[in-house]
Amino acid sequence: MSVSALIAVPVGAPLVAAAVALVSRRRSLSGWSGIAASLAVLAAGIAIAARVGSGHVVADAHLLRADAAAAVMVIVIGVVGALATFAGVGYLDAELADGATTPAAARQYEVLVQVFLAAMSLAVLADNLGVVWVAVEATTVATAFLVGHRRTRQSLEATWKYVVICSLGITLAFFGVVILYFASIHAGASPTSALDLDVLASRASHLDPATARLAVGLMLVGFGTKAGLVPFHTWLADAHSQAPAPVSALMSGVLLSVAFSVVLRVRALADSALGPGFARDWLLVTGLATLLVAVSLLVAQRDLKRLLAYSSLEQMGLIAVAAAAGTRLAIAGLLLVVTAHGVVKAVLFISAGELQHVHGSSSIADLTGIAARSPLLGAAIGAGLLGLVGLPPFALFGGELAIARGMADAHLAPALGVALVLLVVGYASIVNHGAAMLLGPARAGSPAIAVTRPVAVPVVLGVAVLVVLGVVGGPYPHLLETAATVLGAR
Amino acid sequence: MSAHTYATLVDLAAGALLLSAVLVVWRRDLQATARLLAVQGAALGAIPILSGIRRGDVQLAVVGVAVVALRAVVFPKLIAVRLRGELAHEREGAPLVNTTASLLVTATLVIVAYALSRPLVRLDASPAARAAPVGYALVLIGVFLLVTRRKALSQVVAFLVLDNGIDAVAFLATLGVPVVVELGASLDVLLAVVILGVLAGRMHAKFGGTDLDELRELRE
Amino acid sequence: MTGVAHGDVARPVGPAPPADGDSPATGAPDGRAERAPGAVAIAGVTTTALGAAGAATGVVAVVRGIGPIHVGSLGPLAGVTLAAGATGGAFMVVVGLVAAAAGVYGIGYGRHGRSSPLQLAAVPAFVATMLLVPLAGSVSTFLATWELMAVASLVAILADHDRPAVRDAARWYAVMTHLGFAAVLVGLVVLAASGRADGLVALTSRAASASSASRDAVFVLTFVGFGAKAGLVPLHVWLPRAHPEAPSPVSALMSAAMVAMGVYGIVRIDIEVLGPGPRWWAIVLVATGAASALYGVLQSSVSTDLKRLLAYSTTENMGLVTLALGAAMLLAGYGERSLATIALTAALLHVVAHAAFKSLAFMAAGSVLFATGLRDLDLLGGLARRMPATTGAFSVAALGAAGLPLGAGFVSEWLLVQSLIHSRPSSGTLLALVMPVAVGVVALTTGLGVAAMTKAFGIGFLARPRSTAAFDARESPAAMLAPMAVVAAACTVLAVAPGVLAPGLRRVLLDTGSSFGAPPHLGLLLRLPGIAGSISPGLIAVAVAVAAAALALVAAVARAGRSRRPADRRAALWAGGGGPLTARMQYTATSFAEPLQRVFDDVLRPDVDVEVSHVEESRYLVDRVRYRSRIVDVVEARCYRPVLGAVATWASWVRRAHNGSVNRYLAFGALAVIVVIAVAR
Amino acid sequence: MTGAGVAGAAVQVAAVGAGAPLLVGWMRQVRALLEGRIGSGVLQPYRDLRKLARKQSIVPEGSTVVFATAPAFIAATMLVVAATVPTVTVASPMDGVGDLFVVVGLLLIATVALILAALDTGTPFGGMGASRETTIAALVEPAILVAVFALSIRANSSNLAAIVTATAHRPGDVLTPAGALAFAALVVVIAAETGRLPIDNPATHLELTMVHEAMVLEYSGHRLALVEWGASMRLAVLVGLLANLYLPIGIAGAHAGAAGLVVGVGAIAAKTALLAGALAAGEVFVAKVRMFRVPELLAGSFLLGLLAVTAAYFIAPRGA
């Protein structure tokens, strides 16, 4: 397969699956085609990674472009997408069996999930910053009805907040894109290619600084919205807690990272246009603020899914701080965190979805003695939570270690210290809540937990992936280091 | 079209944009704001059409027509349809800040917008670009409206004002962004507005109103 | 043996143990069902095998060093580097030997446990990670193994997570150990960044050239982290919770081996890698060590929970070790090489001795728990005749922990005192100020340590049983007793012939840096280099034994010669003629420690609650008086609670800011727009 | 190790073992005389010991080997201490085996043995005495170590022979502020260690006031004799040590002949008699302090010791 065709696969395969789901009347067909599409994305990601090396490939018509960083993101989309679509089949079966949803709504769900995956792939593969914006906004559009899938008052509320807040943020990013386009043209770029990433990179040093500052600032805030960065973090917990579990997994595990990968592109641009200080300070302040808010809200959290959502926020804060460091090691560590976080969130949200299904509630107070009631789910959640808070042998540890070393190299040790103190508070909260749910005897009258295959398989696979990523060196970390170089890391 | 006429017409369109935005701030009635939105859309669409005519750029003129169709016709229509079934008091914009204060803030925002757009105007002294600060002002006013309006549809209106502002900057300063971006962005905005409309409908059905203060169940 | 034959006054009707008081003969600590011994045996054998292998590897490391071996295919973005010198090797030997004993012990102990397979697997994993820490040859590997050790031990603690106390302990442990890890992490990455290297060997030569600010930062941060692991005040709060609540083999591993890892960190990073530093480093070590020693021993002396008492004693002993390390640094800074060497030797020797007597003590305490289901000294007693082997083991351990002659802990404390008292008045004002205080602290610590151990042994094992569970206690199985016997023998060897450690110590001291000279002569006669001072613990023991034997012989001969003196007779207690005694009339651990508690009232701040209820008819007639006295950890109450409260207050502010209003959320966003505008201008 | 040293050590042990009851008798007699009583004579302790040794020893039911063997252990420890402490000679072969810290440790371990024996009986009295004795012992330990530290600074060694020899060479050195402070501290400590007034009253049998007596209530016969003998040896050793630390006149050197040893015995006997008489005389004028005031006394002693140390550092006689 030619490289430019290969690049189209991550966008095309989910769209094909979406079409299949739209016309198919058989649930098994649409389900399997969805899983197949995710696996195709994963395979394409790996193939792209193998092909691009340390350079980049631009497809025909300058619509798509792939480099190592994009390959990493495609792989993340593929892995988490596969886990989430697999769990999605079970989720829909259960909802249909309970009569909680209709076949039409189920079809809508499957179509939208695939469109969502396609939009995310486009966001990381688009060559044109404007198209990137279109793709990111498309993720909002695709997920709006997924968040509101359950049609309760709360999910409606969450959807409204999600759409309005994200739209405001992302529109600001568009404003930034427009201003950047203006600046790019005035820096001598041709109007048709003024927003292409390579053109921008080559023209960066000629951009008018004042205009570029405004553009970059708006883009950082705007794309930061979808990454959950402060102050546009307010949609996140509501949307993640109300969405169906597999969708939460995708949003928390991938969407945030995809948005952040755009922030990373903007950071690379800002570094060459404005010098390294501007984006670094912005990311540092935003990252630490995000960490602070996330951790504060973790402390007395009462709902498992909101807990997971705020822990995603916490990870995004950490990632932003790491991006501020901007060294090769820090960025590579960041990408490892992104990968691991995607997988761990898939595991945890899928497990949480199962618990919510069984208990009819995701309130922490209602979930007791899980380890005793279901050793498999208990162990998976326990491993997931330990992995989430960054303990070895899970992959987040390796990422955080690399970030810490990168930050020390970048003379950001004080910021690292502050971030770690906040992370310890977050750790304490998660451990506390986790212990309350998992350990000890179950409360009388707790329903039995029967873990079905669509839950067990992705959960176990996810934990295994997490351990492998955390223990083994080899090609993947190497790819991450290449990606970091591509993203302009020093 | 002479340069002077062009400049005058563009200035006029820009003036209409700003005026309609200020009036949106002023008026509480949602139906009136929907009509103002139509005017604003038409003024916005006029800018690429004028530029297209002046430069003989058909594509640009077509884009202008599309903008007019979308922003002067479709969006106001969507809002009007959604409003039809509602009671009179539901059509009130119900701002958090009273009108006088809102207008004062708007004046401040316009001044900020002029200051903010100085670098842009410095780079490009064309007549259209000199009107670009109006776009900035619309963006800021849009944000302000979004923050202070408590009804679902009034937030949609605010969102559209904001979007119009960005488009205005695009057309005034750079004759629009690349077509693929423009198309994609318009589609996205359309879908977002449609989604918000549907959600407002569901909200009406579930809550018996679209007062956003009702949306306080999910909180910390 | 039956109860009556014991000669006890009567079977006590006192309080029953919390669970399963009437049938402790089934032997389960909490009256649980027996589990298949297979998995337990596998875990135990694996633990012992790992321990033995680790100890062997440690010996190799001490003798000729290991590595560095770099494994690139492990550890993302960092790789794994293994290397160990004599210091690491020595700690590996300590850990390995403790683990070997704990493994066998666990086979007997775990027969009645209810650990899940995961938790059973956690014990050998814990041992493996502890063995890997000294093997780590790079900053990344060190951090990874360090945290792996924490994870494994955390899982191992949770074996009995049905009990709230265990969950509480695990939470404290998890958070405190992570806090310590965060400190170590920042410290070590700053070290790596300023030395531009990852390998510890490379850093050893480069760390000296780092800026003094970053060296200071590295020192403070790593000391905080390692201190937390070693259970030093004020970061000790997890220790008296986690060590007692863990299953006893794990308690032994944690208290004897894991805390030593904290010391290893200080020795390896702060002394070896960082090298000589400013004087205040040493003062920090001495002060922290002194505070820990005193606080630990005070809490230990008033504690009534046997395992908690031992846990606080761990804080005490690690405090002494830290004090010794600080003294070594200080003396080295003043050019007193031989004294510095003595202090360092004292620290290392004490780590070894502590590992021996503390693991033995926890194993014996576990044996008591196994037999009675009790840890509360106030309910124990009379075990000496019911569990003679366990009692013997505990007596050896307690003698060591008390720091008395003939005990395992004496020689190291003697060395420490010798290093402290021999600095010359002319050496410097700071030394003249620090050393006397340090001697006073060590002395007070020893005195109170004796009180604590006397109480533990005298109240817990001697006298009469204070509960039915203690009354019905039976000796533990051989699988538990055998390792205890071996460790007791090791304690005895350390007590009378510490010279066996001399070759290893010499190599470690040579590794530790040029500030330290030739080690003391640890032969039959312990001689100090450059100082007129010597003792011979072996000969003292022989002398006491000979004298005692001679006296016994004299008494026997005298009796044979004088038929007028009748043979010894067993009779009921006289007790001042006060009539028949019940077990409840005995002194308990609480009453035993009451005078001490009163003396140190201001430090311990016991929470005393007297509740007097009157009879209805008259306020002048008292119906009953309830007296409750509880000693909470002052450090916890004064340092941790306010911080936790502040965090909670802040969190509730942030929560209130997120009140669900869309408009407010959008306003947050608008704020960002304002900031962008302000920045872009 | 010299022949004279070995012989000296043997003489030391014999002298302490045989003379200790005499010392107790002497102190009692001094008190009696000062209090206007006739007294039972200085030999009464020997008569008591002989009487006890002939009586049947009763072992309480339920007690263990700890109770049975503690007396022998205590007495044996005291004999070892007697061999180590330079009372008659500075050349004891035990000197290198145990220094001052070992001596303190051995005294403490003997105390612990008695405490454990008291606890072993399981009586309220035993527990009470044990608890009190533990508290005192725990606080005496630091005081005594710091005081010893002060004395060892001069000789730059903690080996007793070295300290005593140093003083013998330069007798004036003890007359420093440091020496005086340490002396005061040691007097208090010795009173506490040996169960004398004002810490404990050796003559009392009142439960509220007794410490040592409460612990030995269950002992009888030859075991009680051993305990009492051990206690008297403790007194003799400590008083003798104090005397020689400050006034090492007449002590036998490494190469002293038989005559030297005789002189040594005579000298120490005289010095001990003098010092013990002074202590006994002092006891007449003090009352036993409350149990909970004892720690204050010991803390004072600790402080004196600490002051002695700092004085030794900062007011060094010859600038060392």
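The first chain written gets the first letter, and so on, giving A, B, C and D; residue counts start at 1 in each chain.
As a working rule, contacts are C-beta pairs under 8 Å (C-beta built on N, C-alpha and C of every residue); 3 or more make two chains touch, one makes a residue touch a chain.
Treat the numbers as computed from the prediction; the structure is a model and nothing was measured.
Peer 1: Count the touching C-beta pairs: is A-C or C-D ahead?
Peer 2: Here the pair linked by more C-beta pairs in contact is C-D.
Peer 1: From the C-alpha centre of chain A to that of chain C, how far is it in Å?
Peer 2: Going by mean C-alpha positions, chain A sits 44 Å from chain C.
Peer 1: Chain C to chain D: how many Å between their CA centres?
Peer 2: 34
Peer 1: Just how far, in Å, is the C-alpha centre of chain D from the one of chain B?
Peer 2: 99
Peer 1: Return the distance between the CA-based centres of chain B and chain C, expressed in whole Å.
Peer 2: The mean C-alpha positions of chain B and chain C differ by 70 Å.
Peer 1: Please list all residues of chain A that touch 2 or more other chains.
Peer 2: 160-161, 164, 168, 210, 214, 297
Peer 1: Where does chain D touch two or more other chains at once, residue-wise?
Peer 2: None at all.
Peer 1: Can you list the chain C residues in contact with two or more other chains?
Peer 2: 654-655, 658, 662, 666, 669, 673, 677, 680-681
Peer 1: Spell out all pairs of chains that touch, sorted by label.
Peer 2: Result for touching pairs of chains: A-B, A-C, B-C, C-D.
Peer 1: Of all residues in chain B, which touch chain C in the complex?
Peer 2: 96, 112, 115-116, 140, 143-144, 146-150, 155, 212-213, 215-220
Peer 1: Touching chain C in the complex: which residues of chain A?
Peer 2: Those in contact with chain C are residues 160-161, 164-165, 168-169, 172, 210, 213-214, 217-218, 220-221, 225, 230-232, 234-235, 282, 293, 296-297, 299-300, 329, 332-333, 336, 371, 375, 379, 386, 389, 391-393, 395, 397-399, 401-402, 404-405, 407-409, 411, 413, 416-417, 420-421, 423-425, 427-428, 431-432, 435, 439-441, 469-474, 476-477, 480-481.
Peer 1: Name, in rising order, each residue of chain C that touches chain D in their complex.
Peer 2: Residues of chain C touching chain D: 6-9, 301, 381-382, 384-385, 402, 404-406, 410, 414, 417-418, 421-422, 424-426, 432-433, 436-437, 439-440, 442-444, 446-448, 450-451, 454-455, 457-459, 462-464, 525, 531-536, 539-540, 543-545, 547-548, 550-552, 555, 558-559, 562, 564-576, 578, 581, 583, 585-587, 591-596, 598-599.
Peer 1: Considering the complex alone, what residue numbers of chain D touch chain C?
Peer 2: 53-66, 69, 72-73, 75-77, 79-80, 83, 94, 96-99, 101-102, 105-106, 108-109, 112, 115-116, 119-128, 130-132, 134-135, 137-146, 149, 152-153, 155-159, 162, 207, 217-218, 221-222, 226, 291-292, 295, 302, 305-306, 309-310, 312-314, 316, 319-320
Peer 1: For chain C, which residues are in contact with chain A within the complex?
Peer 2: 72-79, 116, 118, 139-140, 143-144, 147-148, 150-151, 158, 161-162, 164, 167, 170-171, 174-175, 178-179, 182, 185-186, 189-190, 192-193, 198, 214, 217, 647-648, 650-655, 658, 662, 665-666, 668-669, 671-673, 676-677, 679-681
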